Amino acid sequence: MLTVLFFARLREQLGQSSVTIELPRDDFTLGQLTELLIEQQPDWQKLLENTSILTSVNQQMVDNDHVINDGDEVAYFPPVTGG
Amino acid sequence: MLTVLFFARLREQLGQSSVTIELPRDDFTLGQLTELLIEQQPDWQKLLENTSILTSVNQQMVDNDHVINDGDEVAYFPPVTGG
Amino acid sequence: MIRVSEPDFNVADEIALLEADNSQDGAVVTFTGRVRQQNDGHDVTGLFLEHYPAMTEKSLLGIVEQAKEKWRINRVSVIHRVGQLYVGDNIVFVGVTSKHRGDAFAAAEYIMDYLKVQAPFWKKETRSGQDAWVEAKTSDQQKAQQW
Amino acid sequence: MIRVSEPDFNVADEIALLEADNSQDGAVVTFTGRVRQQNDGHDVTGLFLEHYPAMTEKSLLGIVEQAKEKWRINRVSVIHRVGQLYVGDNIVFVGVTSKHRGDAFAAAEYIMDYLKVQAPFWKKETRSGQDAWVEAKTSDQQKAQQW
């Protein structure tokens, strides 16, 4: 089981702040998780594959080739605007 | 009449904080004033002609070729160390 | 010291903490970021600061550690507020102490520059009664990449 | 605002003045310089700050004006103490407000860098009971020339 979080504008656009998802196999990359989410919700494609979207795994910013494991906390969010 | 001020280490080394001096003519430069002071006090040469010494006329830092006028306030001081 | 919370901070108290029992550091640099009335041509009355609670402190700690590797600095405070803020309110405080001013200035600006592009905070501004997410600036990306 | 005098300053009060009725500036950068216990390998117990009274404020005003020509900054405060100071005491405060942080950081550091090489202050340190004039640093000259 994997928790996937969404923040800020992306959370509003997707209409939810989190989903849980079962990893189909080990050795699954973040990029493949994005594809899986889009398979399940085709209308998310434009929002999740937007090149400006940032991703983190266990609260560390990572790229699409990062390998995720069962129990990880994954997050998708727009460019940050704090400070 | 011209007031010449000395500050900090230089003031201590010269043993005085100011002298007044009569300008011998117009069109006198700061460099010439230094020469005049040394003429009157030969033991000041090493201290006043030290390249690290800074000079100001009417509270503005200036160079040796600055022309001084009667009534000006001239100052000689070591490199500043505030802040 | 890293703190992410709703309450306002008091810059005097934060500076006192940076300076207490600290006679080794001659330089204290602080940055305070506040809600402006005008942002990118919009009239702003307030803003809501959303964040990713599990990640924010971790992210700020990582930025501070990077700064400590790059410069000889001693104490560092980073405070970031979240929730509803209004014009003139404090948003963020960065304080850095160091023996020398150059290190303190550089580290404080570096921490702000990376906070701007890496720390998971998002601003939603209230502009003449309407809410709008603030757009990230490419100039902030460029500024962070200059270090 | 430029001030050269013996009494201590209160950083919180100075920041309050920079921020009062000022909702246009999102960035406030401050620098505080303090008497360190160790300077260039010497144990310091205190220092006496001599200055050239007629020139100091004029000199600081000139430096602030140069900073205002170079960056888009709004309010600036420079406070420098003179007289007898002890370890941990405040020496100098520079505060700058601006719409944007980059301008505020640059201007505050520029003002300090030029104050260090142009403003007529001289420190005489008390080192284990003996007084000695502080030597100017070539690194300060180089730092000012980098702008």
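The first chain written gets the first letter, and so on, giving A, B, C and D; residue counts start at 1 in each chain.
Throughout what follows, contacts are C-beta pairs under 8 Å (C-beta built on N, C-alpha and C of every residue); 3 or more make two chains touch, one makes a residue touch a chain.
Because the structure is predicted, anything quoted here is derived from the model rather than measured.
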Both-way neighbours, i.e. chains that touch subunit D and touch subunit A: C
Chain whose average C-alpha position is farthest from subunit C's own: B
Inter-centroid spacing, subunit D versus subunit C (mean Cα positions, whole Å): 23
Interchain centroid distance [CA atoms averaged], subunit A/subunit B, Å: 72
Between subunit D and subunit B, distance of the C-alpha-averaged centres to the nearest whole Å: 26
Subunit B-subunit C separation of Cα centroids, rounded to whole Å: 48
Touching two or more other chains - residues of subunit C: 33, 101, 112
Two or more partner chains touched - positions in subunit B: 83
Pairs of chains satisfying the touch condition: A-C, B-D, C-D
Sites on subunit C touched by subunit D in the complex: 10-12, 15, 19, 22-39, 87-88, 99, 101-102, 104-105, 108-109, 112, 143
Residue ranges of subunit A in contact with subunit C within the complex: 5, 7-9, 52, 56, 59-61, 73, 75, 77-83
Footprint of subunit B on subunit D - complex, ascending: 33, 49-52, 54-55, 58-59, 80, 91-92, 112, 115-124, 133-136
